[in-house]
Amino acid sequence: MSSTIDPSTALPARITRFPFPFVRDTYRYSANVQAAPAPEVTAAGGWGDVIVEVDEHYLAELSERDRILTHDPARSITLPHMAEAVWDAVLFMLQELHAAQPDLTRLRIDGDRVHWENDLCGTSIDFVIGDASTLPADPLTWLGTQVQEDICLLDQREGALWLDAGLVTFPADWSIAFDVGMSFLEFHGPVPRVHEAGVMPAAEQFLMRLTPEQAYRRTNWTLTIDRRMDVSTEEYPVWGRDRRLLTLDEVPSRVHLRVEVQHLIRLPVSGAVMFLIRTSMLPLEEVVLIPEWAQRTRDVIAELPDDMADYKGIIRYRHLVVQWLDGHLARAS
Amino acid sequence: MNAVAEITAPFSGTCRLHTSEPRWPTTRPPLDAAGGRHLLVAGPDLASTQSAIAWQAEATAASAKLVPVLADAPAVGASLAELLQDAPVSTRLLVAGDEALIARAVAAGLAGGLRPPDIRVHLTDPAGPRPVQCVHCRAITETTTPVDGICACSGCGVLLLVFPHFSRRIGAYLGFHAEAEELA
Amino acid sequence: MSTVIVAGASAIALEVAAIEDPAPGVRTLRLTPAPGEPALTPYAPGAHVEVEAGDRRNAYSLIGDPRDTSHYAISVLRCDDGLGGSRFLHEQVRPGDRLRVGRPKSAFAPPAAARSHLLVAAGIGVTPFLSYARAFARTGTPYALHAVHRLGFEPHAGLDELPSGRVTHHAGRDAFWSALPELLNEARLGTHLSVCGPPDMIESVLDAARQRGWPEHRLHSERFKGIEAPPGEPFRAHLMRAGVTVDVPSGTSLLDALLSAGAQVPFLCRQGICGECRVGVLGGVPDHHDLHLSQAQRDAGNAVMPCVSRCTGAELDLDL
């Protein structure tokens, strides 16, 4: 099987820039952090050269976030002592978005005064750092109208990190409204295996030593049925049944490989740790356009131990996924 | 001991040794002798009363002040909030009772400015009621259903799985639709 | 001063834009980026920078508004019995000179969750609290700053720019000690105590707070961290399977030494966290600095994370 892609095939950016997460034929939880930004080469192209990524779903996802927040404002929450961290986040994200999209955005910072224009969504605004009344929404919620990333802000105190602010409209089966205020170890409580392996205390120690000079990133993944951004625990009664009703012939178009690129950043003034979660999804019918991805995805999902498949919510239908991928690989060889 | 069974819950695959699930002490911890003023919340049962008496003796020995919070369980949050409003830094919180009372008092203590090291609890009735928050309608239900069991939400009526994930800030376990995947 | 000495990878050259002497023996330097140097970054209140002062590298608190990136400012107390760094900054530096200054490091940031702050500073220890005060003015955080001065010494000048009612001056330690018990007893829940000054004074203030029921998590004091991770002693690594010996000089990580010798060692984070670069140890005693290996794994002594860990002796035998 060829290991390279003919450049003339002109694959869309959602495939060439897809952060394909599997670097081995098996998957286990690990801290898997690396310095960011740093270009990562994949079999289809590459990703990771910028921290804030804009893709073809930009407007659709911002509109979806707006719909979710209108329905459930609790998905954006800032505990009172996190105001300074949110301003740090606003400045950091606008600077990164401007760096990634220099032609479509304009940013001017003059003391506390910020002028921001974003042609991607038609924003033009002047606001004052520290004065929330100069923005049309609370600062964290407003920031969510400019970037596709979900944003968590962690305060560091008492020898631990505390999830004290978050705008999370696209969670993979968790709830920011429930988890806000928890320590790092508490909100990772439901994740299997990582505790025995000591992954979480080590990861927390690592995060507590972050400095503003160097950002880091890691990836996480699951499968999602349909391109549903909001698979929150809140909405489980809406999306849960799909896991039972999925059929074999629906697998290629409905099952998506869902990848979170998570950036870990020490914010300069507040000292908070910012945890960015950027979700990308690709239907399996597009994943398998890259032969290496087809084989590797099949191998990882087939081998995944039951407890991890259960936690990721795929245990009920992964046999269908493997069956379809096996069929595809047989036809392709 | 079967280590695998101990670690893995049957339903969720959740690690049971390291979750956010609280392990409230079932024996009475001593009060923090460094504290200057101890707010005391105690349930009406005998074991809680015994703990309260023992803490009172410790406070006297340490020349510290012990302030009983005289309130029914539902009013404990409001009473604590008021007492903490203008409290000195030397304030601590002592709680003896069932999990529902502990969860209320701890949440009110944290909201009032205390931190976990300032709070000592004694779970006197492990079989007593515990609070569960429905993640869908956000109502809190008090139930004697054990963790990993199923109870009805007092807000929206759905059957909730009592998940081993606890928020000290909210003062409740996470509850979510137990049969969402079976819905038509 | 025209020569520029290298000071840390991320240090930048700053120009001395202005010099003031706000109090006897105290010199304040206002520093702006020299042409062609990267822009200044905002910093956490209480952050310090390392400044090349002649042949010394001294750490000084940044005393400005943490979000103001137009300039940095430091205050230098002249120590005639010190190692010469402060004397250099007082005697040798003129406006227009360039100084190598490291990136701000946060080792004494105010606790964000505090509802109000009780700040105690002795002498020049007031400098980290000047940036606190400017940050608190922006966020509206309540604070009370108690500045203790030696008898006959004038207070640091920046203090009179702070809002009245926030700062209390104590002339001499005795005056302060008699005021302290009431301050500690009167403070309301949610207050945090931060102390900056000589070590004996810090301990005395913290002890007084503990005796009055202040829990440990509300107590903070300024401790400058080491300038940087020690470069470590040189040692030799034997790649037992390859039959190759690699010298690991001081200041070079074992991982870098292995990689430049052509060894195939996978790695990711270079911070001792991810576990990717784990190498088996066949002989010698590793000096572990990673966060990946458990205590039991360390005790077994048969693995090392070469990105951050070194060797306790002169030789380490590796399974490579």
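As written, the chain order gives the labels A, B and C, with residue 1 at the start of each chain.
Please note the rule applied: a contact is a pair of C-beta atoms (placed from the backbone, for glycine too) under 8 Å apart; a residue touches a chain by one contact, two chains touch by 3 or more.
Everything numeric in this text was worked out from a predicted model, so none of it was measured.
Colleague: Chains as vertices, touching pairs as edges: which of line, ring, star, complete or other describes this one?
Modeller: complete
Colleague: Tell me which of A-C and B-C has more C-beta pairs in contact.
Modeller: Pair with more contacting C-beta pairs, A-C versus B-C: A-C.
Colleague: Once you find the CA centre of chain A and the CA centre of chain C, what distance in Å lies between them?
Modeller: It comes to 33 Å between the two C-alpha centres.
Colleague: Can you check how far apart chain B and chain C are, centre to centre, with Cα atoms defining each centre and the answer in Å?
Modeller: Roughly 40 Å, centre to centre.
Colleague: Name the residues of chain A that each touch 2 or more other chains.
Modeller: Where chain A meets two or more other chains at a single residue, that happens at 158.
Colleague: Can you pull out the residues of chain B that are in contact with at least two other chains?
Modeller: 115, 117
Colleague: Where in chain C do residues touch at least two different other chains?
Modeller: Residues 217 of chain C touch two or more partner chains.
Colleague: State the interface residues of chain B toward chain C in the complex, per the touch definition above.
Modeller: Interface residues on chain B, with respect to chain C: 32, 34-37, 64, 84, 86-91, 112-115, 117-118.
Colleague: State the interface residues of chain B toward chain A in the complex, per the touch definition above.
Modeller: Touch residues, chain B against chain A: 7-8, 12-15, 17-21, 110, 115-117, 133, 135-136, 138, 158, 163-170, 174, 176-177, 180-184.
Colleague: Considering only the defined contacts, which chain A positions touch chain B in the complex?
Modeller: Answer in residue numbers: 74, 158, 175, 177-182, 185-187, 189-196, 200, 233-234, 236-237, 240-241, 243-244, 306-308, 310-311, 316.
Colleague: Spell out the residues on chain C that touch chain B in their complex, using ranges where they run on.
Modeller: 115, 184-191, 210, 212-218
Colleague: Going by the contact rule at the top, pick out the chain C residues touching chain A in the complex.
Modeller: That would be residues 10, 41-45, 66-68, 103-106, 109, 111-114, 135, 138-139, 217, 268-271, 273-276, 291-292, 294 of chain C.
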